[in-house]
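The two complexes that follow have chain A in common; it is paired with chain B in the first and with chain C in the second.
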Partner chain A sequence: MHFLSVPFLCFLPVAGLLSCFLPFKQRWKLLLIVSLLFIGLWNPGAMLVLLLSSLFTFYTGLLIEQNRKFRAGVYLLSVTIQVLSLFLLKYVESGSTGLHFLFHEAGFRLDLILYAAGFSFYTLQHIGYITEIYYLRSEPEKNPLDFLLFSSFFAKFSSGPLEQAPQLIAQFRKPSTDLTLIYEGIQRVVLGIFKKMVLADRLSPAVAHVFEAGQGQGSAITVAGACLFTVQLYFDFSAYSDMAIGSAKIFGIRLTENFDRPFLSTSVSEFWRRWHISLISWFSNYIYYPLVFRLRRYKGASVLAGILVTFLLSGLWHGLGFTFFIWSLLHICFLCFESLTKNIRLNASRRFPTFIYKPFSTLITFLLICFSNLFFRAPDITVAKQLFLQLQGPLFLSKGFMEGFLSILAGGGYQEVLFNFYLTLMFTGGFLIFEKHLSKPLLPGRGLFLRTFFLVTLIFVCGIFKQAEYFIYQQF
Partner chain B sequence: MILDELNKVFCRVFHAKDLVISLHSDASSLEGWDSLTHVALVSETEKHFKITFSFNEMMQFRNVGDLVNAIEKHLQQ
Partner chain C sequence: MNRRILLFIALLLLLLLGLEKLYDYFLLKNVNLKSSFVASQPVNADVLFLGPCEPLWMMSPALFQKYAGLKGFNLSTVHANFAENESMLHLYLEHNKAPQYLFLYVTTESVDGAFNVFNSYSFSQFISDPFIKKMIETQDPDYYRWVYWPFMKHAYYNSFITFNMLQGVKHELTGRKIPYYPDGYVPPHGITWDMRYEHFVKEFPKGRHFEWNLGEVKSLQALLDLAKAYGIKVVLYESPMLNEIKPFILNRDEIKQKIAKFAMQNKVPYWVFDTMQISNTRSCFFSVLNTNDKGSAIFNKTFADYFLREERRDSLVH
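Moving on, here comes the complex of A and B:
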């Protein structure tokens, strides 16, 4: 079941209302039933995989705690199995392998079952769970149903946010009794629908045009396409996160925030502290910091090694394609450069006035992220190379700004599509400027009513309803 | 005093001779305290006090106070 499907939008208020009538201590049972229905009705094969994976992780956790002699071996074996299964998923998913053909010929769409099921997201959480137990930072859960709910909780199931088991299970057992959380949850869900249908999906045609139109586009259009895709990706994924966090709040559960206005970042390292926060925390806690800690005697080199390994793995997690490899290499270069020039940049920030240094750094950071996303979005390396070469062409077009730039981005020169494109740019710009105010939860009153009415009206008048249920990050 | 000794380590790592830290100093109050500096701080502190932190300890340092407590614990052992 997708967040923007009609069944989900009917199911959420019904389940939310039901939970209001249940005693707080019993709510976890409803959440478990609802979560299993959410997955099972959509994809029964996925539920079977989830059950097996959760049971395996649950008993591995207990075994690591009880068996002192072989705990290292059990831990390593379990992590290896989980990593291999993730790798297998990406390998099959890449589509160009013999394995893909083998599964497909056998009529067994393993890739569909696994990746549609948020397999890579809950596998990361399972690896985190047993790692916490192995390093004695937390105790294993004793109740398999608690653990199953942690793995399957519908709000975060398909694309996160990634959570830690003890914190989330404690909330399942004792959900918040604060009524304002329900108001906040509903507002977040509406905001998510708005971001997805009115902002992200309206940007989609212009982005698709740049990335799929083929040769012969000027550099200005390629730059605009990369920038628009970066903004689209942000709205698409943060819309998903808003809906996940909002849905959970309706049931009295607080999930980790995944975004913190990333386009205000003044460096790429700051960007990664504001973008997909839960995934970056996972990579930091389980790969970057352990590696850097082990190599800490080598000082700066340990950090560079940490960045290298973390981002290569992050690129692999996104996909096995060469485009993701280049995307991760670019981020490795950006972050290593920032590490090596940290003191110079600190001095520069003190020397120049803030109103010059900060906007300049923000713009440079945004452009670097957009450049890397050229490779992230390109369907294959041939298109990526072509787009990269187009960047080196003349910035200003001989045909003129209107004919050679705007009408191409809008997908044609007709007045109607141009108007739609302007409207999209206006919504996007307006939202980015007022994002802080529009995202702030309000208490019931006139302000809340007016804002919700405004957002819902825009969703129905200007939202794109076609294929709204597809979120970009669900493919990972 | 551990805090005074630790101040010397901070001055070295942050390249700031006049830096004065308190038990409440943390990443938000000290400009430039990021993951790179954090690891350098841990490494320099270990060398200065001739102690070895565990990975779990390093991950729990949220401010200077946490670092001082961990140093005290190791020196007592």
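Moving on, here comes the complex of A and C:
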């Protein structure tokens, strides 16, 4: 069941209403049933993989706590198994024929692993869970059902946000009784649907035209395609997060925020503090900080090593393709450069007025992110190379440039497609300008009523219904 | 809280129902929308040209009238399969007198099923018509599931429909009665070589087998039956195709034979113009299946001459 499928949009209010009639202490049972139903209806195979993985992690956690002698060995073995299974999933997804063949010969149901939706997200949470226990930062859960609910909670199951077990389980046991949370939840869900259907999916055709148009489209179009994809990715993924956070709020559960207006970042490191926050926190907590701490005697080099390892692993987590490797290398370069030039940039920021330095840094950061996303979006290295070579062409306007520019971005330049393209740009620009106000939860009243009414109307009149079920980040 | 939620739902429903009526009304007023135009104003042509984008950009009723003396109308629509052709013909026949002749474009591509589709959004304002409703139900079941929900028949494909509705508003306000392309023909002015040949060859370097799609054949049969029911003389034809592409259509002869056999069973003529001289040169094409201005002018003359010759021979009498 996807967030934008009809069954889910019917299932959510029904489950929400049911939970209102249950005593607070019993709500977790409903949430567990609802979550298992959500996954089971989507893919029974995925549910089986989730159950096995959750049981394994749950008992590993207990074993680490109880067995003082072998706790390091159990911990290492468990992490190795989880990392290997994650690697296996990514390897199979990357379409390696050798492994496909091996599995097929061995009679395995490859699709059970392939379609284990959400696997890479909850596996990271499981690794985080046993790491916390191993380092004695938290205690293992004693109730397997609590832990199963933590792993399977429908709102965050398929693409996060990544959560910490103790905090989330405490909320399951004692959900918020604040009624305004339900209002906030509904607003977030509506906002998520709006971002996905009216913004992200409307940008999708223009992006597809650039990335699939082939050679000879010029540098300006490639730059525009990369920028539009970056914005599309943001709307698509933040829409998913909004729906996840909103759905959870309806049940009185607060999930971690995943985005904080990342395009306002004045540096790439700031961007990563505002983009996919829960994943970056995970990588920071379990890879970056431990590594920097261990290498602390090397001072500056420890930071660079931390960046290198963290982003190589982040690239691997996204996929085994060479394009993701280049994407992670680019970010390593950006972040290392920022780390090495920290003092110079600080001086520059003092020398220039804020109204010049800040927009300039924001623009440069945005363009760097867009450039890296060229590799993130390219289906393979051949296309990535082709797009990269196109960037080296002249950017200057020539005769007939605008016609050609629009004809590629707006799929042939027909009137109705151009109209849609301009409308999309208008919505996108408008939303980015007023994002702070549109995202701010309102209390029940005329403002909330009007804003929700306005967004719902726009969804019906301008939303894309045909492809709305597919979220980009679900492939990871 | 409950009152506010109920009020919200009631207002939303009201808005959606209002929007649905508004869209229905203004889509019908859009004269550039071929389905609306033929369903709202008398065209009453002697000859209809029907098919997907190839005849839309190739068959000029004005040139046909000049050479053959019969008033024509080009009823073709972009990317349309036979089911859409049939729906267009149905709408036309509901509001116009039946034409004498129907020239229907049939080629290896159009019976394959992978190239043309039923563009449901062209008919969202006609869903109350049982014929159209039935057609959408079979051709686009995903969309059909939504058509009874308030406004969803327009919302589902709104990226296509909203522009048409706004154009309908403009036409209503300006009192426009004649479409931008009055006889339905869209001349390929300024369209340059579109690289589809190169893309096709890159995708299928060893050529492609085309399918004799039974669903498409069934739709073609239904279309012929509809035309016959109104006493229209149908001619199946294939326009010139750039010779360079022919080696890449591996079973072209086999499909052509099947079309010829189908035509014979239905007792309709099947004219093939693929041996015309212009097929040898790219200068007459902007795509492997589409002639440019120069090629279209030559082909329209040849087509009209052939028609007159066949009419004289009386071979068009079924």
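In this text, the second predicted complex is superposed on the first by the 457 of 476 C-alpha atoms of A that agree within 3 Å, B and C clash if a C-alpha of one lies under 4 Å from a C-alpha of the other, contacts with A are read in each partner's own complex, and residues count from 1 in each chain.
Going forward, contacts are C-beta pairs under 8 Å (C-beta built on N, C-alpha and C of every residue); 3 or more make two chains touch, one makes a residue touch a chain.
Predicted model only: the values in this text are computed from it and were never measured.
With chain A as the common reference, chain B sits beside chain C without any clash. Once the two complexes are laid over each other on the shared chain, residue contacts for A:Phe87 go to neither chain B nor chain C. Once the two structures are overlaid on chain A, chain A sits at the apex of an angle of 160° toward chain B and chain C, using CA centres and rounding to a multiple of 10.
Using the contact criterion defined above for the overlaid structures, shared-chain residue A:Gln415 touches chain C, although it does not reach chain B. Residue contacts after overlaying the shared chain place A:Leu136 against chain B, while chain C stays out of touching range.
By the touch criterion defined above, A:Val292 lies against chain B but remains apart from chain C after alignment on the C-alpha atoms of chain A. Touch criterion not met for A:Phe434: it reaches neither chain B nor chain C. The superposed three-chain arrangement places the nearest Cα atoms of chain B and chain C 40 Å from each other. In the superposition on chain A, none of the residues of chain A is touched both by chain B in one structure and by chain C in the other.
Across the interface of their complex, chain A is touched by residues 1, 4, 8, 11-12, 15-16, 19, 142, 146, 151-152, 155-160, 162-164, 166, 195, 199 of chain C. On the chain B side of its complex with chain A, the touching residues are 15, 31-32, 34-36, 39-40, 42-43, 55-56, 58-59. For chain A in complex with chain C, the residues that touch the partner chain are 179, 202, 214, 415-416, 419-420, 444, 449, 452-453, 456-457, 460-466.
Residues 135-137, 269, 284-285, 288-290, 292-293, 296-297, 299-300, 302-303, 339, 342-343, 346 of chain A touch chain B in their complex.
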